[in-house]
Amino acid sequence: MKKVFARPESINDEIMHYCAGCTHGIAHRLVAEALDHYGITGKTVGVAPVGCAVLMYDYFECDILEAPHGRPPAVATGIKRSRPDMIVFSYQGDGDLASIGLAEIVHAANRGENITVIFVNNTVYGMTGGQMAPTTLLGQQTTTSPYGRNLNTDGYPIRMAEMLATLEGTSYVTRVALDKPANVLRARKAVFKAFDMQLKNMGFSFVEMLSTCPTNWGMSPTEAITRLQEELIPYFPLGVFKEKEVV
Amino acid sequence: MKKVFARPESINDEIMHYCAGCTHGIAHRLVAEALDHYGITGKTVGVAPVGCAVLMYDYFECDILEAPHGRPPAVATGIKRSRPDMIVFSYQGDGDLASIGLAEIVHAANRGENITVIFVNNTVYGMTGGQMAPTTLLGQQTTTSPYGRNLNTDGYPIRMAEMLATLEGTSYVTRVALDKPANVLRARKAVFKAFDMQLKNMGFSFVEMLSTCPTNWGMSPTEAITRLQEELIPYFPLGVFKEKEVV
Amino acid sequence: MSDNTRILVKGNDALAMGAIKAGCKHYFGYPITPQNEVPEFMSRELPKIGGEFVQAESELAAINMVLGASAVGIRSMTSSSSPGISLMQEGLSYMAGQELPGVVINVVRCGPGLGGIAASQGDYFQAVKGGGHGDYHLIVLAPSSVQEMYDHTMLAFELSDKYRNPAMVLADAVLGQMQEPIVEREQAPEPPPKMWALDGADGRPARHLKSLLLKEGELEAHNMLLQEKYREIEKHEVRFDEYRIEDAELVVAAFGTAARIAKTAVGQARKEGMKVGLFRPVTVYPYPKKRLAGISERVKDFLVVEMNTGQMLEDVKLNVAGDAQVSFYGRPGGGIPTPNEVLKRIRKYYPGQAESNVQSPLWQTQGRQSPKLENKRGT
Amino acid sequence: MSDNTRILVKGNDALAMGAIKAGCKHYFGYPITPQNEVPEFMSRELPKIGGEFVQAESELAAINMVLGASAVGIRSMTSSSSPGISLMQEGLSYMAGQELPGVVINVVRCGPGLGGIAASQGDYFQAVKGGGHGDYHLIVLAPSSVQEMYDHTMLAFELSDKYRNPAMVLADAVLGQMQEPIVEREQAPEPPPKMWALDGADGRPARHLKSLLLKEGELEAHNMLLQEKYREIEKHEVRFDEYRIEDAELVVAAFGTAARIAKTAVGQARKEGMKVGLFRPVTVYPYPKKRLAGISERVKDFLVVEMNTGQMLEDVKLNVAGDAQVSFYGRPGGGIPTPNEVLKRIRKYYPGQAESNVQSPLWQTQGRQSPKLENKRGT
Amino acid sequence: MYYDVFISGFGGQGILLAGQLLAETAMEKGLEVTFFPSYGVEMRGGTARCTVVFSDEEIGSPIVDNPMCVIAMNQPSLLRFQESLPPEGLLIVNDSLAKMEDVKRNDLDVHGISMSELAIELGNVRLTNMVALGAYAELSGAITPGEITSSLESVISARNKSLIPLNEKAIMAGAEVARNSSR
Amino acid sequence: MYYDVFISGFGGQGILLAGQLLAETAMEKGLEVTFFPSYGVEMRGGTARCTVVFSDEEIGSPIVDNPMCVIAMNQPSLLRFQESLPPEGLLIVNDSLAKMEDVKRNDLDVHGISMSELAIELGNVRLTNMVALGAYAELSGAITPGEITSSLESVISARNKSLIPLNEKAIMAGAEVARNSSR
Amino acid sequence: MVYASVRESETMPTIKIDIDKCKGCVLCVEVCPHVLIKQSKEINDQGYQYVVLVDSEEKCNGCTVCAVMCPDMCIEVFK
Amino acid sequence: MVYASVRESETMPTIKIDIDKCKGCVLCVEVCPHVLIKQSKEINDQGYQYVVLVDSEEKCNGCTVCAVMCPDMCIEVFK
């Protein structure tokens, strides 16, 4: 009998601080599996966001750097430009990446920085207690959209993958969901691909992961999964939006 | 004999500080013509960028507010939200809008702010003496891309109109050129339309104007016009990228 | 509701209530702990009164939205906490340069960097010496109760409009999170019309508001005018609070939360027969320089207590008489001095007094050095 | 090229040359006048030596690129001018909190706001008191010649690495634009390996660099360690310069460009028989406190000269003896004090001396009040 | 008069509501009062604590290093905060979740009350906080149980108004049990 | 020794190059020197000015309020800066573009030289700055025309090296004319 | 680590659940094709009602989907 | 304002050029279908060689394209 599934080696044995059923944990595992797969843990630097994943340095076996809120892409640029031999990824929430850090992600993408970006879109500011995010769906109640997100005053949920795919500088842009095993396995492939692109010096790779925040959605983990499937996926379609051929 | 063409009323009689042949002057005139046309000079606030157009308050007959570099869309949002009865436009260069102010323009667009944005794209930082802009063309020499813009290190010239058109929040997005009378007249129409949209509460309107910077391109004004036609237009295609129907 | 109805309110909510009572209907802000109750309150309440709540994409955007609203004559505000306030420094410098009113609230948390969410007074320098570029000042109020969170926010709007200058309420996480009974105030009167506002050039020449002044000498002259304004503010708007200072031999100086803690310690010291008083600047810009100088003509010992490594300390030293002695007790990085810790420092001035059995402050239990007690000034 | 070969160099170019000599091959920056020569130089030269020039999308991005490069152990820098530096305050606070080296150059222009592009020293407070949030310090060097623009940039890299702390070169538009002969230095030795750098966890446990410290007391303890480091820096890295101070009755204190101007005035005053000296802090953080205190035991009159409304003035007042008198002459907003203006203030201490026929400073010719000459301290 | 009390337990035990109710009661009595919540390191769940101070004079510090009373609603709170009490201090322990044998000091006025059990008996474990308050009122003499119940309306949200009688009952039960309790 | 000079004109007259050449010359002579350019308000064109200070001692201020010499290359410069000269100061005026009758002070050592005309005669109006420098060398005695010409190589960019002889000629011509000039 | 429900069998596929880390989110419960995972009544040190494998009929086929969904990486699968 | 080349004719289309404001960029020159605008040898107070209308044959048709291109709004067109 063989162990066919285990905690990846690139993650330590700590109990994670995430809420029960929060899919940040799955996202962590997928990244760690990619590091394991390519054997790059020892030469990787992860850039942590400010958001629920700020503590990710407590879990990963690779080096991790804390970036100011929204700035991971700039920080990652600084790293990769000065140590092109290292593998660099940023891991960011939707507040971090799509709101305060929008200029940084678009410009890193546009410059075609040879980095990998993991974007965890849970349509809410998890860490600060459930405020509206740029990805919050229309009508969704949050603590700062108490009457539901209103397109007239709050604008539209922003689709980052689509937007970044329009930039010449991006090489791989995809959206996946962490809602069911089949999609998680697709997500895994996407993350692998994203690191593979970097290893092949193909430039900027981006994986948007539709994720849950049971706590701030006010739902049980399984209800949250259902919401992800029924509300998020229809607005944020899954798929590969851009994939440059490896030459 | 009738005067069929004159300086618009919304512009005063000052000699402008722009270099000879700089098309910023044309852009100014078009905006002023729109203010004249709709008779809105007295209830308009323009938001000036930091860039060569920073001094535009010296010329317009409407109220003008200076914004920090890149922040006109946020400033305009503040104005329009507190005085929805006023007409608000921002006037921005490519450094201002597409580089440092990228987050602000994308989010104002995404929120669908009911403002008008005039974007003067001259592929260079005019005011500071000719550094590379996000819109600088590949191979173009500037003082900070002395060997020509290199896609590997500097990334790709960014197409703002295309990017903003992908956002749900935008109502009117177009790119025009200030290279020849026919195109200037098209640009005029676009500017009129952009203000008209605002007057009809249709939301965010955006006019990108391909413009020249003879000084920093190191060319005579006519050579600059030729470059605009031969190099800029092929990369930055003219046209309407988005136009919501007036309901 | 009679004026005497007290209600139990959280500091952050009091800020927001005070703002609305001041006539602020426009709020622009970005979430950050420990002040999220402010945007949350505003998003709930402003739509009800015909106002607008905009969740800005960042603090940078937020301060610039305030700049815009202010320029067209509308009272507006933003609130944040330390890292977010750092991002507003360029905007604040612009607003000061353009002489635009506007209220900014800093519910200070501990730093530097991401730090933590506990209370701190580590942003004093940033607030009063100018965290942005150039020679300018914010008007800075330092509340020390929930009632003052409410009142100071109202006052900030008033002063900000009066002097056409951005005003800051410098609170902290304790004040933001604690609850106390407060009394609501009357709605503030409409501010007088703003003859400088960009409210449309109809029937008048176009106006502009800017800080760029390129003609030779123009910017220098503008700076001189700003300095004159600051002198006016220093003349008219100094506010401070005193407790048992009349016969004090030792004066504790502290602001905000630290002042409340110190007050308990001073009360206890008095009970024990020590002649100690408390001096609390309410405005930290303008700083109560004269009063402090006045006190120091008689009192020669000062103890500054802060939730930082010694920032207001410099303003105290700068303003007391040359022969006064100023020492310091502070805890940075989220450490909150306790009344007993302060009392222990007070006792040092009374060698006869027995040591109390209080717990040591953190840095002692951890075997670290305290931030060295500053020696007396000038020696 | 022998060491004695002098070359005529512009201050901004000297900065860039010094950086490269310090081993900096990575530059991240965003254009702003009056320091554009720095990114322009770097974009030209770095590719030649296998380095990287990245034109960041903003100053915010630039400082964070430096943060990233620094975290993996690479010497890197950014440069900007006042408004751009204001945008870096959050990043600087993070770097200080994370104890990351890195060099930031501020070629100060006049403010507040957009202001103008002329020289100023209006960002002194921001640089030395911490423009960002929390209790931290930058190491701040204040060059006053083109040679020092070069040398201080090299020194900034050295100190920054030595103390794992961001360092700033606080220049101004005069220093950035002027040309002087300089002597090039030897290439700096490679810094010792950085045992804390995130250079890959191969063969060692994973490292992380962060400023978030949530365990109870952890952030306070970290702050105490930072403070200990600052005490170390204050002990070992103070640098200053003196001119004819031995028998001076009046000491002029000034830094950077103002110090050069003051030096001419002091030289002239000496020629006229007045016993005047010049004290020039070279490090403005750490500030030469002790030396200044020492001087003030003998000298009782100080005149602070700045291109602002009185910022370093506070540090002088804080550190001279209680009975010393400190007055001030400054011009903000791009006004540059001239040697004659300074001389005129010096003459005030010598009532016997005839008034010079110099032109009045701007604020007098414009009928404005001067920023009131500060009274002697403590009275 | 001056009273202060420190209530500590884990998230979900209604610690903050209890503190707020006490504060409200004191305020309605015409006293000065401060209520200061403090959270542990954990972002969710984890510890919950608060300090309530009330007095007929202006209150200085809302933070107290040696509170007159500690209500330890669970084991970690007991371990951690018994030390902070001054001699003769009042320690009220929820002995459903904390072990009385871990009370190490013998200079205190200690009361073990099976708050959680009592609450469950009353029909809902979430009443534990009310039981605690009743006990506090009884033991501290700072305030009466009746004063607390009469402030319930101000603190309980509209849609939970129906629960007021149950809460009243829990407060009274806590007071009752406390009356007969001791170490 | 100590000399300072203020050169002022409009953009395009080569003011900054002249200042730089003077600075280079002084440096190559082993002197201390500072060169400080200052621009007018206009972003392009407009005024161009610079101050050069050289001395055998360390130089204090690179900015001078009462320079020993003003070279006024056009009319606005003459109007604006003659006042800054101390009594006996040296005022060199490009009288091709500035009116000598606007020299209001009579306590100065004034020299009107038709620099632009001379330059045009020499073949290129852009030589005006070299003519000015030659005149300055001759009249100030601070430096010799020959010293200036020998520094030309360091300042003139590689692709313009062929122009050096012409520049030398202009410097010498300026000196020559200055020798015979006076008010 | 305390593992619950480790079967004796060495030949049949099975899973191990790290009940200390389990947060009782039941995402694994939802996806098991044979509904073999059950939430227990017990709570662990974290305060969560952890889950256990209840597979007396040895139906587990080691398909791994439970582990794939577990956010806390509590599940190891053997096959 | 000093206008150059204002024709006497009141019936034929023509243009007025504000030569004080003109910067001599010649963008108008390039677009006139009849090549009626010429750069003069004179410079104005700004230092630019301004342009003038040279239209002795009254060819100007008031098409306005010169004015449309003028960045400095120096041209008025009459028709």
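Details
Residue numbering begins at 1 within each chain, and the chains themselves are lettered A, B, C, D, E, F, G and H in the order written.
By our rule, a contact is a pair of C-beta atoms (placed from the backbone, for glycine too) under 8 Å apart; a residue touches a chain by one contact, two chains touch by 3 or more.
Quick caveat, the model's predicted, so the values are computed rather than measured.
Considering the contact criterion stated above, the chains in touch with subunit B and with subunit G alike are A. Touch-path distance (fewest steps) from subunit D to subunit H is 2. Remark: among chain pairs B-D and B-C, B-C carries the greater number of C-beta contacts. The mean-CA centres of subunit C and subunit G are about 54 angstrom from one another, to the nearest whole unit. Averaged C-alpha coordinates give centres for subunit G and subunit H that are 86 Å from one another.
Note on chain placement: the centre of subunit C and the centre of subunit E lie 33 Å apart, centres being C-alpha means. Across the assembly, subunit C contributes residues 52, 54, 57-58, 60, 83, 90, 94, 98, 113-114, 210-212, 214 that each touch 2 or more other chains.
Residue positions of subunit B touching 2 or more other chains, listed in rising order: 19, 54, 66, 68, 99-100, 102-103, 107, 111, 127, 134, 153-154. Subunit C meets subunit D in the complex at residues 60, 82-83, 85-87, 89-90, 93-98, 108, 110-116, 118, 120, 122-123, 125-126, 129-136, 210-214, 217, 219-228, 231, 293, 296, 308-309, 311, 314, 317-318, 320-324, 331-335, 362-363, 366, 368-369, 371-372, 377-379. If you check the complex, the residues on subunit H that touch subunit B are 1, 10-14, 20-21, 23-27, 30-31, 46, 48, 62, 64-65, 67-73, 75-79.
Residues 99-103, 106-107, 110-112, 134, 151-156, 158-159, 162-163, 166-169 of subunit A are the ones that touch subunit B when the two sit in their complex. Interface residues of subunit A facing subunit G in the complex, by the touch rule stated above, are 1-8, 11, 13, 15-16, 18-26, 29, 180-181, 184-185, 214, 221-222, 225. Listed in rising order, the residues of subunit A touching subunit C in the complex are 50, 54, 66, 68-70, 95, 99-100, 102, 125, 127-129, 131-132, 134, 143-147, 153-154.
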